[in-house]
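Consider the two complexes below, in which subunit A is the common component and subunit B and subunit C are the respective partners.
Our next item is the complex of A and B:
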């Protein structure tokens, strides 16, 4: 009997295609249903805030190849309310007002992509500009409203959930030490390498829509509603997806309108955005201003913690507006045992790109705030930042633990994670080296940053997932999953799980996802939910399928069901003690076709319901060099200890950690979406936006730790976002630490040379 | 200004008929020749997803006029290896776990071959600098670097 495949470093099944002929992403699709497709280009607002007085289409409609030019009026588009604040409504093409640069104003359909783009440039929207609101706090106070009907630019506040307002100074009355900070958790761009692309075709009265999405089943409802159809009349198909990072969870106006446009012109339509369009109109992430106060005793114990978060929603009330109340707030206590916590979050609309989920989605912001606060508290009382953490960490718990803010965590062992990371980094030696550099007056100083984090994964409804396994007559199998890969390696991991239970070789298993005709129900891939819910569902389906197959095998082999065993090495069922009397999955699949108990053949569908979210945790240590003369930061080491519960495949796990650390580091050091004061984006391509490259990163040192969760039979927690959550504060902290001896206590992200240099200059004055 | 010209891609001559001379090589490869492995992700030479070889130069095909490549040997990832017989670089990417969503991967494979054809023993910093023109959002680059190092080592061992 060979050992279990689970937990092994199994190479990805997906790779050969990507490495040779290339993946087939949306814009690569050739499909007979798209024969004769024409192209859609959107006319976008070049004004951040203004009233549309007219839209002149006369020149555009005369352009070569143009089939039609459409506006909200010509398509008779209805106002669609935000799911999170019904007073905020918009039409998918701007009607009376534009609210951010890049907002779609009109749609051009032409024979070729180039003709559509050229004609779009000939649409003239006459817009009377209003003052643009780019700054969250300014927008909050302004009576220049983005949405008059909302009565305020504040569109979501925790007080509306019945949560109390934060109290006054008396909250900290018993504290010996109180430290305050204002932290910018800056706006960043998700930047999947594949920007948005989509296509739509009407086939026999049904709308078939191809989307580059993380959640086809989620898009279904939106597309059904936008086209006034019945559920049975829409099919969403997901080809290979070139990265999502949260920004492809939702469905955007440019995609939603394609069915309407295809109907208007009577041809299939295709759409793809340029990188510049993507930077302006694909949702952004983070974008919080945090006012944090931390208080406690001089011995290092933190007793009180307060946050007031201002979340920039951008120009609509999309998912970004609810991350602060529903993700940042619950995680405010982080890994610390703080008896008194109060948090208020306030989401505000501004004349910027709407914000959405971005890798970590609200938890990185909570962690960054807590970690910065701990560092500042440590600096204030003159204690080592790691020691202050040790004093305040929640002790190891294997039964649920509830924090003062009311969030219950599953399992945690934070101090061990911190020790492992610090030991791997050689923390004590690093401090010695730092002291030596400081003593020598070397202009290049080193900084050491420690972060300890806990996050929430699989915490969004539905906390469950369906899976179906179908065995074919040749003994191969198909898995149908409601999760949706875009780089995670689901084909490999789901095949491992099914193969483990059934003995069907991994290379004889095919994965089906993202096609709503084949997988009508699914929660998609987001919030690090895939393995713990989707994988757990595949595991359950495989176990139950084996039970069904066993009964069929008993009939075939004329034996007692209890005597039938599955040899998962060979994939054969046989009578216990008599391996020669056996039958195969292929035999059973054939037999099932004529067996009344198997009307759909040898196939089984089931659903796994998780009893709750899981709470991965870990610790990161970052080491940076800072040139104190120029402000230049070099990230020279990064140690990551991430505990995601039981590991299915270390290769896939480490891939998620590495990618997450890079993205988190990018936020700490480089990346920021910026606007000028008129709301014009100034980082709207990859030359201006500092997307991180190989040259700016060190090799990552990954330290393993496994504390299985009892929430699912796989013992798995999410790992998709942990790296991002742990790394950002460690790197930021390291930068500040390098300057601590100069009196610097905080540098906002991204810690660019300019900001670092200014912080040094300010501290020396 | 439409013309006929011939491009030599992956060892085969392709007639490009009735084409506007302003078309870039990425467009011609994808839209006229159906070679989709090179991807367009920024169309301004910043991301490297469209990397191909023109003679011995690694180029962003989005920045090269296709008609300017007449008479040169153009190599795309489709032309690197026969199906089922990956190059050492392609295999190393699998072994190291250097692929995730795959969108940047063809460009990185071309860039890696180009690097290793010129430098038998690249340092980690050299690899990072050389590949810094190929942006990857998923992997964090670490295992791509490992894959490059593995190939460099294996090639040196094979020589000695």
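Our next item is the complex of A and C:
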């Protein structure tokens, strides 16, 4: 018998299509239901904060090809409250106020995309500007309110959840050493290669809406409500999606309004955004200011840790506003055994693009804070940063462990992860090389950064997923999943799992996803949940399907069910010891059509419920060269040891790690969304927004480690975000480490040449 | 909008005589961005034709797309339509290495395949990567109209931020550059390693025949700047025979280069960092030109490397 396919480097099934004929992304979609579709372009506010006095459509409606120009008033749009703070409401097109540059103000529908864009430029919104609030702390203190009804620019605070306020200075009274820091975890843009596109068509009274999304089923309620429909009247279809990174979890006004616009003009409509629009109107991530205090003993033991987080929600109370309380706070203790911890998080609205979940979503922020604090504590007591970590790591645990902040982790073996990463990096030799470089007086210095992290995956409701497997009469099969691949390779993974159990070859298995008529219920793909919940559901469905097929095979082969075995190499069922007496999946699928026990044919649907989240962990070592004269940082090595539990496909695992490390490094070194003091975005194209490229990255060194979780039968934890979480603090730490001998203790991200240069200058003064 | 595609120099010049304000289109990597961003409107309906500018495409003119080497006069003529990709290839790269070095930093392969030296001059952005090299090499820009032809030193051609001495009706036909006996190089600072607009840049030429150092700076002034004080100082300080210079002299040189810059604060960088970085780049380029550590001229001391 051939061995298990699981755990092998199986090439991605979807790649031949993506690499040759190409995926079908939304704006390329040809569908007869979109015949005669017209284009929607949105008029966007060019003012960050202001009161709309009038919107002049007269010139726009005269433009060539224009079919209609719509505002909140003409569409009679209702106020929609935020899911997280009902006092904060907005209309999908701005009515009384605009709150960020890029906010949709009006919609133009025209025959062609170009005509719609040209006409949109002819809509004039008369806006009386109000002072723009760009800075989180300034917004918090200001009585210039974005939402009067909320009574404050603070829109979410952990104290409102009944959690305690942070105490005063006495919290650290017993500490020999106390170090404080103010860390910027800057705002970044997710930059999926495919920017947003959507389409809508009314077919026989039903709304068909195409979305480039991570969660079609999650968009249903919003689309149903916006169009005043019954649930049965909406179908959402997801074509191939070119990346999301969290920003495509939610549904945006530009997409939500398409059904209404299609109805108004009596034609199907399509929408696509430019990169510049995407940089302004697709949600941003991170955006925290963290005040961190760490205290402990001179021997390296950390006993107290406090964090006050100010989370920038941007101009609406979207998912970004709840990541600090529900993701950053629970992970505050990180991998450390710190007996006393207090955390308060405060989310604030500002006149900037609303923030949403972005790869890691709250956990990178927690990790970055803890790792920076550990580094500064180590520097203060003059101990090696890796050594301080060793003193404070939670010892290996294979039973649940609960931290002082109240979060329970499943399994952890942090010190081994750190050792593996440091060993692979040659940590001791690197320190020798660093010392030699320092002694040589070379302006280009070496820095070494170590980070150890734990994160939470699959931790958001629903903590389960459905799967259905249908065997067709030709012996092929379809898997229906509620997850939503947009680069991860679910077609490959889910086929591997199903093939392992059923013996149906991978290439005879098709994946169905993202279509709410075909998969009405699903949790989508986010929070690194897919394999551990969606994959586990496929595994369960396949096992149960085999059981059903076995009873059918027994009938067919006129044998006792207990004697029927499935040969997963051939995919045939036969009588034990008599391989010649066998039947195939195709035979069974045909037989099922006339068997009363199989009213839907040979198909099985099931649901896997996880008993909880999983907590992937790992350690990263980054090595950088810093030119102390220009401030330029070169990331020269990156070692990543990420423990995601049992590995289904190392190739896919490494792909996730590589992408994650690249994005995490990008935050440490390059990327930052910035606004001028009037709230105008100054980084709304990829020349000014320094999205990372291969030219800035080393070849990654991946070190494997597997500590299976008991939470699911696959033993799998999430890997989608680990790379992002582990790499950022390692790289940032390496930059600071390269400058440590010059007296530098901290450089805020992104550690651009200019910031590095200024930090050196400041330290030498 | 009307588009005229010229297939010969004659056609192009006649079209320019008829439409002196025509938008000249070469690789389009600047012009189309400006159009897309609405800095230039072309009008979208036939009714606009009367008022909207004419576009004149010159990318098919072989005179613009070619280059010639004149070894006798030690110079190279490069047509305005020569692309960055051609400039990074031999033999041009070997003859004008600083221009090749600058060209390699421009955009991406796609941009280098389409974008041209003439377009870089036409735009005349302070961040144009070709321009400091042309300035340090004291290139001559050739302009031609239906009625006349004239040559301008590149320093006179570049007038200000995106402003040139080109007159309506004139076409940039190319530039002439000297083949230098000596070292030349280009250095650039930007937010990342590829696809990046210069935050600050420096070109340095060490002309052994004339015993002259020439330095030009990008992105630190309204247009490319030369650094005459620094040039004079270093020309006198280096050991031309052995290729050496003292570290103290280098530092002084760097300081003078920084002082010659006139940078501004913007969203890409502070003025202070720009000023600092051109000083560092100039020192490093000079060290590459004069690798030996040596004292002031006459002493001929070497570092013993």
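By our rule, the second predicted complex is superposed on the first by the 765 of 765 C-alpha atoms of A that agree within 3 Å, B and C clash if a C-alpha of one lies under 4 Å from a C-alpha of the other, contacts with A are read in each partner's own complex, and residues count from 1 in each chain.
The rule is simple: a contact is a pair of C-beta atoms (placed from the backbone, for glycine too) under 8 Å apart; a residue touches a chain by one contact, two chains touch by 3 or more.
The model shown is predicted, which means the values in this text are computed figures rather than measured ones.
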Touched partner set for A:54, first subunit B, second subunit C, both or neither: neither
Which superposed partner A:695 touches (first subunit B, second subunit C, both, neither): both
First (subunit B), second (subunit C), both or neither touched by A:76: neither
Which of subunit B and subunit C A:752 touches, first, second, both or neither: second
Contacts of A:25 with subunit B and subunit C, given as first, second, both or neither: first
Which of subunit B and subunit C A:658 touches, first, second, both or neither: first
Touched partner set for A:687, first subunit B, second subunit C, both or neither: both
Winner by number of subunit A residues touched, once subunit B and subunit C are compared: B
Touching both subunit B and subunit C, residues of subunit A: 686-687, 693, 695-696
Subunit C-touching residues of subunit A, taken from the complex the two chains share: 63-64, 114-115, 118, 121, 629-632, 670, 674, 676, 682-683, 686-688, 690, 692-693, 695-696, 752-754, 757-758
Of all residues in subunit A, those that touch subunit B in their complex: 11-12, 14-25, 27-28, 191-195, 240-243, 245, 274-275, 486-489, 651-652, 654-655, 657-663, 685-687, 691, 693-697, 699-700, 723
Subunit A partner contacts - residues on subunit C that touch it in the complex: 38, 44-45, 189, 191-197, 267-270, 273, 276-277, 280-281
List of subunit B residues in touch with subunit A within their complex: 30, 36-44, 46-47, 49, 77-78, 80-81, 83, 86, 90, 93-95, 97, 99-106, 109, 124, 127-129, 131-145
